[in-house]
């Protein structure tokens, strides 16, 4: 006697729904018992007592995007490496370890080249320095 | 393959009998209903336990910091102030819920929910013991990494939805920090997957032993470095000091949850403290032997399970303590230092580690350093005779 | 659940993606529609693997679709951001430089 | 019974998320609903027995692509959100209006018809008599990635390298622009 196959995903669904329900229910219950006296000043965003100037949804610095960009490439890379790394031990036991190691090594080497390129070109630097022709700055 | 707590409990006669009698009563196979009930009960227990851990985490944080700074800390509610977290929770529930007029109401609701859902999703695969793991998913490690990335999105949307400059900066920093530090964590856990040859937590932990020399942290020099990379990355992923830039009190007021009040803030805090437990559990499971008990004490029975839970939870709490002490010991990094540390130190070292662990695996067939040393020592002593 | 229900879901996703690509004028919204289309196609591959021929190739195809989608999102969004820096807009009708 | 429940939840999440993704006016909300769709599709993968593809969907899409989308939305929003584009066509620019949706709807109906025509072949295709048991896919995927599909595995790293370098070049600030 064992659980049927898809039943194993039950806890995941229960937990996700539980999280949603917990947040909604607590906020709903809280609505009944907590005070609610909004005022225009209270509902301002907090900026150390000053009146806020403009919206915060303004154009941000590009470097956050560059971080996300390099991240997603490495994220995808690790996602692709998970199954290969997972079978490395099995294949090593039957004497194919060298081959798989070489494949992994090549894969990592190509991506390390990408990282090295970004490093060399200064994409990894947070404080960007721009080299002008005159060598100033 | 996928073991669950239900399949463990079904070994016992009373539960089998319950299923059979219920099936006879209802006229169809009641296994799904019974497993649903068991899952619900176990999940309620585990979530209650982790919520208590999260609450006590806030208490421990304040008490330990008080000890380190020669203060007393919370001491009014209950003995030694241990019930302080309940008082805090009640206070948060009763606080007024302020939503700024300029903010995005939908995101204000979604952001704490994403944090809570992301953390609760990880609970399903935490390996408390060989039997009492809620779900021993055969890709548990990847699942944990994937579902916990919801937290980063919640942090960002919380900062964005507030429409306040401080929140915005905090959310931006938080998101870029969390995603950046995910890479070293994934790379160093990949090296452990390489050694154990499986993606489920039972395979990862089963490849280790009860004694410290059988743990993966002491398997070879590279995994020793890998542990620290994973631990640093975990600290950064949970926004703990010295990486608490998203909520840096002294520069960003309170970071991404500046505008959140009452229970919404409470959810962020709860998610953070539970996530610290989860990542400490991850480090324990990957590097510190997980739930293994030395000499397999207690066997496979119920006593053995309790000992395994004790082994896992005590190691995790030790790491939790280290996390808290670290917070009150080290100063905060600057943003550029943070990014430099991630991209120029941790990731290259982690990639190098992965390759070297692969090489070690290939050359020594996955034998640990201690096994090799013992063997050479016994060979030497055998030659001496 | 049966074969058809998965096909219905993936078809709906695909059509929704098409609608997003055609109706929206914001380049990022168009990219969101593209993600829907790619998801629908990957879902179809996995469905065929389960119901038609039980080999693993459909999963691998889905895996590579996900990978290519991620790479496409990275490059596409980089182009969008560059375009925004130059033209200060992300309206697709403003991207007329190549008209000559 | 639970497979049906899981399927219904996942399919509802996917479809409702998809409809909201293409219809809401706020782009950031559209990204959140895209997240719902992606979670739903991950759930559908799980019901199809593709556990590894499902969790990779979580890792790559939820952890990566959506974050990137959200970053891009934030980096391009702001100053000129209410500006009319230079053709002066629409009040709220960029998110489409009734006319574009009508046209897209007609076109999508045409595409739907051709898809249904294509599906006629699919429906007549020989299918498995008995559905296979669920099995762990990750080791099979790993084995085929190092044997049959090894070229795709290695070339995908080149693809990622190209994407990284290309996107880094495109998004790099020009010197004179500051």
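As written, the chains take the letters A, B, C and D, and residue 1 is the first residue of each chain.
Just so we're on the same page, a residue touches a chain if its C-beta (ideal position, glycine included) is under 8 Å from a C-beta of that chain, and two chains touch if they have at least 3 such contacts.
It should be emphasised that the depicted structure is a prediction, and the values quoted were computed from it without experimental measurement.
Comparing the chain pairs C-D and A-C, the larger number of C-beta pairs in contact belongs to C-D.
Once CA atoms are averaged chain by chain and compared with the all-protein CA average, the nearest chain turns out to be A. Centres computed as Cα averages put chain C at a distance of 5 Å from chain D.
We define each chain's centre as the mean of its Cα atoms; on that basis chain A and chain C are separated by 20 Å. Rounded to whole angstrom, the centroid-to-centroid distance between chain B and chain C, based on C-alpha atoms, equals 33 Å.
Averaged C-alpha coordinates put the centre of chain B at 29 Å from the centre of chain D.
Each of the following residues of chain A touches two or more other chains: 4, 7, 9-10, 55, 57, 60, 62, 64-65, 68-73, 75-76, 78-80, 82, 85-87, 90.
Chain B has residues 2, 32, 36, 137, 139, 142, 160, 172, 175, 179, 182, 199 in contact with two or more other chains. For chain D, residues touching at least two other chains, in rising order: 2-3, 47, 49, 52, 56-57, 59-60, 63-65, 67-68, 71-72, 74-76, 79, 138, 141, 145, 156, 160, 163-164, 167-168, 171.
Viewed as a contact network, the protein chains fit none of the simple shapes, being neither a path, a ring, a star nor fully connected.
Residues 1, 3, 5-7, 9, 11-26, 28-29, 31-33, 35-36, 39, 42-43, 46-47, 49-54, 56-57, 59-60, 62-64, 66-75, 77-82, 84-85, 88-91, 93-94 of chain C touch chain D in their complex. Every residue of chain A that touches chain C in the complex is listed here, in rising order: 62, 65, 69, 72-73, 75-76, 79-80. Chain B contributes residues 1-2, 32, 36, 104, 106-107, 110, 137-139, 142-143, 145-147, 149-150, 152-153, 156-157, 160, 172, 175, 179, 182, 199 to its touches with chain D in the complex. Within the complex formed with chain C, the chain D residues making contact are 3-4, 7, 11, 14-15, 18-19, 21-22, 27, 30-31, 34, 37-38, 41, 44-45, 47-50, 52-53, 56-57, 60-61, 64-65, 68-69, 71-73, 75-76, 79-80, 83, 85-87, 89-90, 93-96, 100-101, 103-105, 107-108, 111-112, 115, 119, 122, 125-128, 131-132, 137, 140-141, 144-145, 149, 152, 156, 159-160, 163-164, 166-168, 170-171, 177. Contact residues of chain D toward chain B in the complex are 1-2, 26, 28-29, 32, 35, 51-52, 55-59, 62-64, 66-67, 70-71, 74, 135-136, 138.
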